[in-house]
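To start, I am sharing the structure in question, which I have written as structure tokens.
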Amino acid sequence: MPVTLAELARRFGAQVRGAGETQITGVADLERAGPGQIAYVGDKSHRRRLGTSAAAALILNATDAAAHRGNALVVDNPQLCFAHIAAFLHEPVRNATGIHARALVDATARIAPTAVIGSDTVIEASAVIGVDVEIGPGCYVGRGAEIGAGTKLIGHVWIGANSVLGCRCVLQPGVIVGSDGFGYVLDGERWVKVPQLGRVVVGDDVEIGANSTIDRGALNDTTIGDGVKIDNLVQVAHNVRIGEHTAIAACVGIAGSTVIGKRCAIGGQVGITGHLSIADDVRVLAKSLVASSIVAAGTYSSAIRTEPAASWRRQVVRLKRLDETEQRLRQLEKEILSLKRGT
Amino acid sequence: MPVTLAELARRFGAQVRGAGETQITGVADLERAGPGQIAYVGDKSHRRRLGTSAAAALILNATDAAAHRGNALVVDNPQLCFAHIAAFLHEPVRNATGIHARALVDATARIAPTAVIGSDTVIEASAVIGVDVEIGPGCYVGRGAEIGAGTKLIGHVWIGANSVLGCRCVLQPGVIVGSDGFGYVLDGERWVKVPQLGRVVVGDDVEIGANSTIDRGALNDTTIGDGVKIDNLVQVAHNVRIGEHTAIAACVGIAGSTVIGKRCAIGGQVGITGHLSIADDVRVLAKSLVASSIVAAGTYSSAIRTEPAASWRRQVVRLKRLDETEQRLRQLEKEILSLKRGT
Amino acid sequence: MPVTLAELARRFGAQVRGAGETQITGVADLERAGPGQIAYVGDKSHRRRLGTSAAAALILNATDAAAHRGNALVVDNPQLCFAHIAAFLHEPVRNATGIHARALVDATARIAPTAVIGSDTVIEASAVIGVDVEIGPGCYVGRGAEIGAGTKLIGHVWIGANSVLGCRCVLQPGVIVGSDGFGYVLDGERWVKVPQLGRVVVGDDVEIGANSTIDRGALNDTTIGDGVKIDNLVQVAHNVRIGEHTAIAACVGIAGSTVIGKRCAIGGQVGITGHLSIADDVRVLAKSLVASSIVAAGTYSSAIRTEPAASWRRQVVRLKRLDETEQRLRQLEKEILSLKRGT
């Protein structure tokens, strides 16, 4: 159902400019927005296209609003306001309600009456499913696991025994929570498995991306703090602890027992070795290797950008001869010294 | 059922050499091929073993054929001919036909009469499944998704709402298409989710490897061009666009809104950051980081090969002192200049 | 049920120190262990906390035992003994027995009477499931696949047609075994699929981590040796062969036809390109790229650790100018030579 621009302004704390009675039915990209749609202006590339948008209204900050003649919502943070309005106007369609006839729910599991359980989803003994939880088709919730109020498992998600998920989490398809950690001890040349007995404990408002894996702790727990956002294909090993509001991009691997601070931003394909400690507010750029603890907030990197392969090969040859370069430098320094003495 | 060498030649445009009536029942590796089997000669290592093969016939080019006395199919591209013959002789066994009694198909979904739907597969409302589509067990096809003619979802595949797959695609087990992109905006220290409203649109003849993930667009679509081949455990973020016939090896991560050209070859574990543009016919070598746009065709790299750890550690120490090296060089240059002036 | 310290000593070949009649009910971390719990002392950080543990008993070596006054089991390798005792005291709860009413087992599959098959699991024609095999919910076992005695597929696991798994393996959730390899040949600008006809053959005592993928061979087989341990999100391409007792950490990618030796240790996020041969007892450090064969045992690396991004950027600028640095060095060497001649 459409809503007026004025009503959106009231709900989301914006100032209206222009025709408050304009009906808004949905959000769109600045370039593609047409009648009934609202877009936002968030960066330079948007600003350049400001004049050409056919959107019914724009969300922008006061500075940009000065340069715009059409309908607008004026706010401090247009992207944030846009996110709220998009969520309001585009509430996801619920595929189902209640417990599907083809869900398999153990008699000892406690399921809130408002929870939704999809087809072919298994809920094992003693599991606890909170109010308004939505569990899609083909999921598994292990013995004794707890899923907090409002959390969504989109589908094909695996939650191992005794895992704990907080409230309002979203787990994308294919996520594995509570798989065994990679713990073995050598007996001669053979690896003997160290039983993995800990849990995964996930806070509130956590999102985990498709096909990411979170191992259970070995003895103690693997813990993911409130508000943490994890992208696709991320590996979180046993006993890792991730601080509140940290964001982790795709394809990151975090090895066992590492502790990551609050509000960190870990770039895509970053690797973090085990038993490290990363301070709060650390930013690691894409594809870097963190192999020792980081004690101070700041931005860290160790990745190198591509260049044409032929010139890169030459750089690598030089790199691999830096030892020799060092020796030649020392030799030159000696010779200059003796020349200077000689003169 | 066996087929004669002559018949294979006729079907696949090859010239027969030797006994055209030879019965061929299957393909094999040059080294292991025996009676009834056909192998191909594609590279030097094959060529070396040419004389020793017990294959009933070989597929080779004219040059290699001159050095071979046995039965043969002579073609320009032996590996390509081999691929066609292998597909012809080894058609995959169909596990099932029709809609499995344990599939869950919404009454409003449109399923072609020749489509196969596996057990415990869910087809949501308004989905459209084309002719000869094969969907294995344990798949999910979301509301309004469209699957083109002849496409196969091998099994345990997740297709999110409104995704579009072209014709003759193959999605290996565990593939996720249409998961939410990683889009958040900060509100103080908290991340607020930006609703992900776009689709994934996949062209014809695309193959996606096991456990790879393709996120839906944020507002517009994530698009995969015709003929694109994606290996296992690859991450394609929201709003990425991949040009026709590009091949992407395993464990690659492509960040949001990046546009990749046609006929590119992206090596394993390559990372490509967001909002970039990669030209057509670009080749990126394994494990490189692409962090700025590439405007010209060619081969690019930034990866370094292993060496013994002890010597590598020394190189890294030198690398991390390159600033100091530079200063020493400058100092030497100055001193030489003054020596030259002095003399 | 609790067991006495003396009984544990007898079972696991340890010497008892202190009260052998002490009842032990479980294992715990040294720091958290309380009454009834046994912990172990395995490294320096443990040793420091030796005096403060409230554990009912400790497992330690003779040296550490000398410094400890409480109950103890004295052994050569405390961590190994701990692993055995943990497995003994914490046997996993079986969720089910027999064939679930909602499993789909083909009439021609051969299932040992002691095997467990979970709900919504599909066993195709001619598959062979050995004694004491446990297959969790939502798994798929393809036509003609063989699962050896005592092997566990935890759940949501995909085993492709004709795959062979040995005895006592453990496959974590989301594992894909037997997906098609990434094999294509160019026909002009189009990729033509090379049919993937080989198998995956996995030895005994292999463990494969969550969401890892093992491709079937193209013509011959992909093989994983006895005792190999593979962590989460690892990609093993077609025709790879991995030697016995090799351990592979998370997010590793191994390209096609590469052969890895016995007892290797491959660090997290390592990439190994195709058609290589890696010797026995090779250790590759995290995030390295192996792009040529390794013929000798030893430790190898090519990764660089993070540093603050600002200084790293300077190093990279220097790195990219190494060609210029080399030229300046040569120039200096020439000038010094002529200066020396001049003097």
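Think of it as A, B and C in the order they're written, each chain with its own count starting at 1.
FYI, a residue touches a chain if its C-beta (ideal position, glycine included) is under 8 Å from a C-beta of that chain, and two chains touch if they have at least 3 such contacts.
Keep in mind that this is a model prediction, so the values were computed, not measured.
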| item | value |
| --- | --- |
| Interface numbering overlap (same over half, different under half) for chain A and chain B | different |
| Copies chain B and chain C - rotation angle from C-alpha fit, nearest 5 degrees | 120 |
| Chain A and chain B: spacing of chain centres that average the CA atoms, whole Å | 25 |
| Shared-contact residues (touching 2 or more other chains) in chain B | 120, 138, 156, 174, 211, 233, 251, 269, 304-305, 307, 319, 322, 325, 329, 332, 336, 339, 343 |
| For the chain B and chain A complex, residues of the former touching the latter | 104, 120, 122, 124, 138, 140, 143, 156, 158, 160-161, 174, 176, 179-180, 182, 184-187, 189-195, 197, 211, 213, 215, 219-220, 233, 235, 237, 251, 253, 255, 269, 271, 273, 283-285, 288-292, 294, 298-302, 304-305, 307, 311, 314-315, 318-319, 322, 325, 328-329, 332, 335-336, 339, 342-343 |
| Contact footprint of chain A on chain C as seen in their complex | 27-29, 32, 77, 79-80, 82-84, 86-87, 90, 93, 95, 102, 118-120, 136-138, 154-156, 170, 172-174, 205, 207, 209-211, 227, 229, 231-233, 244-245, 247, 249-251, 262-263, 268-269, 286-287, 303-310, 312-313, 316, 319-320, 322-323, 325-326, 329, 332-333, 336, 339-340, 343 |
